[in-house]
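Quick one: structure below, then a few questions.
By written order: A, B, C and D. Residues from 1 in each chain.
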Amino acid sequence: MSAEHLLWLTVLGPAVFALAATLVRSTRASLAIVAAGSLVSSALNALIAILVLARGPLLAGAGWFRVDALSACHLALLALVGASSGLYAVIYLAEELRQGSLTARQARHFAGLWCGTLAALAFLLVSNNLGLMWVGLETTTLLTAFLIALHVSRESLEAMWKYLLICSVAIAFAFMGTLLAAAAATTTHSGAPPALFWTDLIAVAPRLDPALMRAAFLFLIVGYGTKAGLAPMHNWLPDAHSQAPAPVSALFSCFMLNAALYCTLRFIPVMEGVPGCAGWAQGLLLGFGLISVVVGAGFMLFQHDAKRLFAYCSVEHVGLIGLGLGLGGLGTVAALLHSVNHSLAKALAFFAAGRLGQAHGTHEIAHMSGALRTSRAWGVALLASCLALVGAAPFATFLSELLLLKALFDHGRTALLVVVLAALGLAFVGLMRHAIRLAWARGEEPPRRITVGIADVALVSLVLAALIALGVVIPTPLRQAVQAAAAIVNAPSAANLVAGVRP
Amino acid sequence: MLDRLMLVLILSDLAFLGVSRFSAALSLLALQGALLGALALAAHGSASTERMVLLALIGLILRGVLFPWLLRRTARRAEIVEERNPLVGFAPSLLIGLVLLGIAMTLGARLPLRTSPMLGLVVPASLFTVFTGVFLVVARRKALSQCLGYLVLDNGIYGFGVATVGNIPALVELGTLLDALVAVLVMAIAMYRLREEFDHMNTDQLDTLRG
Amino acid sequence: MNPMATAWLEIGLALLLAPLLNSVISRVKAVFAGRQGPPLLQPYFDLAKLLRKGAVYSPTTTWIFRAGPILGLATTAAALLLVPAGRISAPVAFPADFILLAYLLALGRFFTISAALDTGSSFEGMGASREAHFAALAEPTLFLGLAALARKTGALSLSQILPAASPLAPEVALVAGALAVVLLCENSRIPFDDPNTHLELTMVHEVMVLDHSGPDLAFIQYAAALKLWLWSSLLAGLLVPPVAAAWPASLTTTLGVFALAGCIGVVESTMARVRLLRVPHLLAAALALSAVATILVVR
Amino acid sequence: MILLVLALAALTASGLLALVTARRPRLAALCGVAGPLVAWVLAITPMLSVLAGGQSLSAEWSWTWPLVALSLGLDPLSALFLAVILTLGMATAVYGVGYLREARTPTARGLAWFFFNLLLATMAVVVLARDAVVFLIAWETMALASFFLIAFEHDRREVRRAAWIYFIATHLGSLFLLPLFFLLGQPRASFAFASFGVQLAPGAASVCFLLALVGFGTKAGLMPFHVWLPEAHPVAPSHVSALLSAVMIKMGIYGLLRVLTFLGAPPLWWGWLLLALGGTSALLGVLFALAQHDLKRLLAYHSIENIGIIVLGLGAGVTGIAVGAPRVAALGFSGALLHVVNHALFKGLLFLGAGSVLHATGTAEIDELGGLMRHMPTTATTFLVGAVAISGLPPLNGFVSELLVYWSALVGMTTLPAAAAIPLAALIGVLAASGGLALACFTKAFGIVFLGLPRSAKVATSHEAPRAMRMPMLWLALACLGLGVTGALVVPRLSAVVSLFAAGPEAVSALNDGGMLLWRTTAVAAGALGLAVALALVRLLLLRHREVRQASTWDCGYAAPSPTMQYTASSFAQPIVDLYVSLLRTRKRIAAPEIHFPDAARLETETRDISREGIYEPLFEGAERLLKRMRILQHGRVQVYVLSLVLTLVILLLWNVR
């Protein structure tokens, strides 16, 4: 089977599972489908990523599908997140089943929507066409809406509606931006209508109309940025993340945000090509990133709901990633590394929060306290992930944040550096203050028993091991992949990238 | 001929700002769908291939028939008739609408787009539709009106696309249509759930999640 | 006669004559009070008597209590080795030796205080606390003063500083004043403390040694005498204008020491003991003196 | 170098083994203590050879992280600190064997050993690192390990609070280190120490110095960045407190010294700043120590004083360099470095002693103790040695280093121009004052705890510490004595280290003179002790035929003496505390009897930290209030959310596209 088929398969595979989910009746079957779907799609994604990083870009479907290093990196990340959170979802739902709070219907819905979301994410990553990419992202929005409200409650419905409305409007804006870009493209093209291929757009970039492209990019960054949870468009994020079931929150925080950022990233090289726009788009990303870091850090201090806390933490980290991407050069490398590290850490955090929440029947920090007593594995997971999220050594996040700050410093933006450092300090206080309570304090009432199996321990130890291993040493392939991806993002400034990486 | 269509579109938008009863609003939506279908057909005049015609027809059916019907059904099941006291009253909405129209006109004129002269009014009109949609989302209480707003916004963007890009690749257009359909379905169900849970649809009262 | 021998001779003199200072003081006071006063050799009699006595120990005490007097005496005697007599340099003289001097005395103090606390009596505790308190205030005065002299004379060891410093220079005068206060404090004389009152609550040094008896008490009293000699000869070395030849020099210094004892007597009979709360102010004033001296010297 | 790497490996391995074998106490203890011992044995030869001025070692392995090379090295400075780390590590580990016997759960024990060894390993890496990133990773991991050790008894609220304060402080501190290393690395765009310090603009150098002062000063517990120290050290397990107080805070000093080697010739005001901060720490540290009545808290504050003394030495050294007086510089730096070692020894010893007391009586509240000399003679005697040493009295090691600092200041103030001489004179005054106060503080600590009568029943049941706990105390006590006596030999050997800061023949000669000086002081002190022995014999002779009676303490006629009548620590310190009340802000709660007849009366004193109350708490509260305002952004109305989104877009459009 040739590589081209792989691209089709990685989209259709999970989709098939999604359809299958609508047919099965029993809960166990649905759970099985969740596991199988996640694993299959992850396997395929990983395979593609490896192929691409080994051999270079893959094309399929007459150029409609294309995977280069950048999308390969994100595919790899998706594989990582998909597999882990898929397995976790099974564990999580099994517990709910035991507690009798999960109906067969809900399980079926979950399976279908989950696999569908994976398919959509894969789709948006492999598509070479900006329009289809948009379609993919919008699809994820619509599919995940009901995942948020899997357990119907006033809060979850509220969160769902906000998520749905805000993101739909935002994504509509993104489409407007895409159209504007296309319009700009048409002005260059004579005769043959543009297929909105990313590759074409880059090719004609120097002939695009700056004003139009600026307008387009503004629509895009606001639209996709909303989905990515960049402040000040992040309002939906804490609600959705706090109300969704833990696996879903994990998927949101650990990949959906990155996916939205990825959509924005696709336009950066184009904008760099447009005359008179060099560095402008990146400047915007930098600004949004900065705001998000500050806002995210500032809000963490007062949270009383564990998952909401992590949601704001995600805002902060997305901000950091955006900051890095905005800096370009070393910053891009750092940002991409950081997105991997953050996804690992944040996944662990949400996993732990979810399981412990099951034990206490709530995510209120005050009630969840004493995690280490409730369940050692998940308590450790919680504490460790929090430490990783504040960028404490020896976790991987420390080094990626270090690189980020270095990039910021090299950029000569001392004022920004000071602000970011302050925000990081704030985030540290905000997160660890709660983390210590969560880990050690005595909770208000004794927790319910949850059955922590070998699967839980395996999951925790795997993710933790990855976090620490990446902190100590990053495998050369990963590094090369990230650098290749970075080279794609800031093609013009590739030179200073190389300079930045090995002086 | 196109300009007349667009005039009607503009008027329908203003009407949207003015009406409170959903039945009226939904018929307006149907009207807009039809208009856009016509626009899609007329935009390329002679140059239109059967593929475009097909797409235009699909769009017309979806926007002009299916969406309104779905929403009407939802409205009936959720037993809501009209948007009482919206966040921004109807008269002020109309005034704001006029302002928006002015902005749309100037903006449409100043955007450096290469559009065929026959499409003179299309860009401003669709921009105005976009604005209207956003305004509806922001200024109305009921979930249904926000959904309507979203659809109007969608219409506007569609019109804009038709006007500026000429023919969007079929796959993309189909994708967008599909998404629009799913969006309507999802919103419909969501509204129904809201209705069940809260027995009202005033989204401004959904503010338990804060801070 | 070689200088080393003279130096040791001076030490011998000090060991011999030290107790006499106390009787000089009391004699002066007696004269002021119009009494006849005790015989000049009374201190020696007391020491002899005490040495012949047995000892009484409280069951609460440990070896610390017994070590206190011994170390007190030993350190004071050792400190004496660093003190020159006028032109005659001390047996042991080296740069910054006054630091060692102060810290030797401090070592002795450490054990005296510990011994006092060892008895577990609140009175001794009180005395100990006050001793520590005053010493902490006196030390910087001494160090700053001597440092100022060091800068003034460009020498670092007592044996060179003291002869080189002429008492007429304003800085030296200031330092001398400061040292005089320190002297009174360190030897717990009026106005800081009243050695021969019997109201324990008001005492500092005496109350610390309430529980000692026999040889221990003898050691303590002898150590106190040595300490007085030590400080007086420091001050004398500063004030008495240096005389060229060795012998007159030692003579003048010794005389100076006794003169100082006389002055102390005068002070004790003319002044009243200040309230405890005022003591820190006195010491602070002394500190201010030496600080001013330092600034004057350095500028 | 390979030996050192092996030593690191040994530490890590033993930590992990202890974690694995936590279920079996004896085995776990064995594994835990094996690491430090092995590491010490492995590392001792290279350390000594380098310290003696031998060839510096270094090794480098390339690393896959961008910008980072995994490079370690051992120069005299590192060797000195490594020696401190490993020696104290060994002693405290052995002590831990005894101390951790009553750990709550096997896991707790295992974790304690794991983090203990991890802490040692990371500290070793900190001093060995030759690359900023390696340094920072080790630094942060060290903070993490120490945090978990401090939070050992984390089911107590105050412990959690203390650990939390420590964690904030150390993390915020390290936030200052990042820009520091960025700045240092800027000229050569590299993180390698080897590339630091070249063509650094004077302005940049000063910024670096300030950043280092805050960042490392926080770890070192320098006033006013010390807030975490008095909170964290008391609550940790005692062998850990010993390690923290004796070694970990010195990492801050190490960092400061290391950075100083990069910054080139310092301007004079650096010296002033160091002297000012050092003086503040030395004075306020000991004053606050005096005001405490918790033994471990007292010791913690005293660490601040000693850090102050060390920094005073550094200040003298920097001043010396700045005005081109190598003698002053050499003496100042040597004093500081030696005091690092000495303080490690006696503060470790004292904390271990405090630990034994806590272990035996279950309280560290000084006013509840007393008379422990009878119950635990070894602890008492070793504690006495530590107390004498820390008061800087001859013939113990504290005196040696303080004398060097004094001497450097004295030489400086007698020879240098006023701009340098005045601060040095102030140094002398401050050092003298803090010395006197330290004496008061430790006569109090020793006297009230170990002498007199027991003040509470807790003492009655107390027992001498087990052997595993006594041995390290004896070692350290002997070390204090040894360094005190052999100071004359040690000081000239310091030239290898000192030459990093003040090189040249003058510096060397200064150190040799220091050696000579110390010979004399040692001789005199020895004479004093000999005299003491002689007097003791005399006393024995005199008392041989006399009757020696026992009688209860003379109580000036008051008939019923009771332990509660003894002077307490608070009352002992009261005059001094009252004198400095304006600084200490000691709160008193008095319930005095109104009537003349004896009645229930009570007096409580509490001395809270000045800079915590004055600086940090207001700062944090202000920030919190400010942030609370931000919450408006998230008030729940979906319409407004969409509006904000649209407005963002519109504003950007208006701003960018025209």
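By definition in this document, a contact is a pair of C-beta atoms (placed from the backbone, for glycine too) under 8 Å apart; a residue touches a chain by one contact, two chains touch by 3 or more.
Since the model is a prediction, treat every value here as computed from it, not as a measurement.
Chemist: Tell me, please, which two chains come out on top when C-beta pairs in contact are counted per chain pair.
Modeler: C-D
Chemist: Work out the mean Cα position per chain and let me know which chain is farthest from chain A.
Modeler: If we average the C-alpha coordinates per chain, C ends up farthest from chain A.
Chemist: Rounded to a whole Å, what is the gap between the Cα centroids of chain A and chain B?
Modeler: Taking the average C-alpha coordinate of chain A and of chain B, the gap between them is 31 Å.
Chemist: I'd like the Å distance between the centres of chain B and chain D, where a centre is the mean of that chain's Cα atoms.
Modeler: 71
Chemist: Averaged over CA atoms, how far is the centre of chain A from the centre of chain C? Could you give it in whole Å?
Modeler: So the centre of chain A lies 79 Å away from the centre of chain C.
Chemist: Counting only Cα atoms for the centres, state how far chain A is from chain D in Å.
Modeler: The mean C-alpha positions of chain A and chain D differ by 44 Å.
Chemist: Touching at least two other chains at once: which residues of chain B meet that condition?
Modeler: Counting only residues that touch two or more other chains, chain B contributes 134, 137, 146, 203, 206-209, 211.
Chemist: In chain A, what residues contact two or more other chains?
Modeler: Those would be 161-162, 165, 169, 211, 215, 238, 299, 302.
Chemist: Could you say which residues in chain D touch two or more other chains, in rising order?
Modeler: Residues 631, 634, 638, 642 of chain D each touch two or more of the other chains.
Chemist: Of all possible chain pairs, which ones touch?
Modeler: Every pair of chains meeting the touch criterion: A-B, A-D, B-D, C-D.
Chemist: Using the touch definition from the top, list the residues of chain A that touch chain D in their complex.
Modeler: On the chain A side, the touching residues are 161-162, 165-166, 169-170, 173, 211, 214-215, 218-219, 222, 226, 232-233, 235-236, 238, 280, 284, 295, 298-299, 301-302, 330, 333, 376, 387, 390, 392-394, 398-399, 402-403, 405-406, 409-410, 417, 421, 424-426, 428-429, 432-433, 436, 439-442, 471, 473-476, 479, 500-503.
Chemist: Taking the touch rule as given, give the residues of chain C at its contact with chain D in the complex, in rising order.
Modeler: Where chain C meets chain D, its residues are 51-62, 64, 66-67, 70-71, 73-75, 77-79, 81-82, 92, 94-97, 99-100, 102-104, 106-107, 109-110, 113-114, 116-126, 128-130, 132-133, 135-140, 142-144, 147-148, 150-151, 154, 156, 200, 210-211, 214-216, 219, 276, 280, 287, 291, 294-295, 298-299.
Chemist: Looking at the complex, which residues from chain D come into contact with chain C?
Modeler: 370-371, 373-374, 384, 387-388, 391-394, 399, 403, 406-407, 410-411, 413-414, 418, 421-422, 425, 428-433, 435-437, 439-440, 442-444, 446-448, 451-453, 513, 516-517, 520-521, 523-525, 527-529, 531-532, 535-536, 538-539, 542-543, 546-556, 561, 563, 565-567, 571-576, 579
Chemist: Which of the residues in chain D end up touching chain A in this complex?
Modeler: It is residues 63-68, 107, 133, 136-141, 143-144, 151, 154-155, 157, 160, 163-164, 167-168, 171-172, 175, 178-179, 182, 186, 188-190, 623-624, 627-628, 630-631, 633-634, 638, 641-642, 644-645, 648-649, 652-653, 656-657 of chain D that touch chain A.
Chemist: Which stretch or stretches of chain D touch chain B in the complex?
Modeler: 631, 634-639, 642-643, 646
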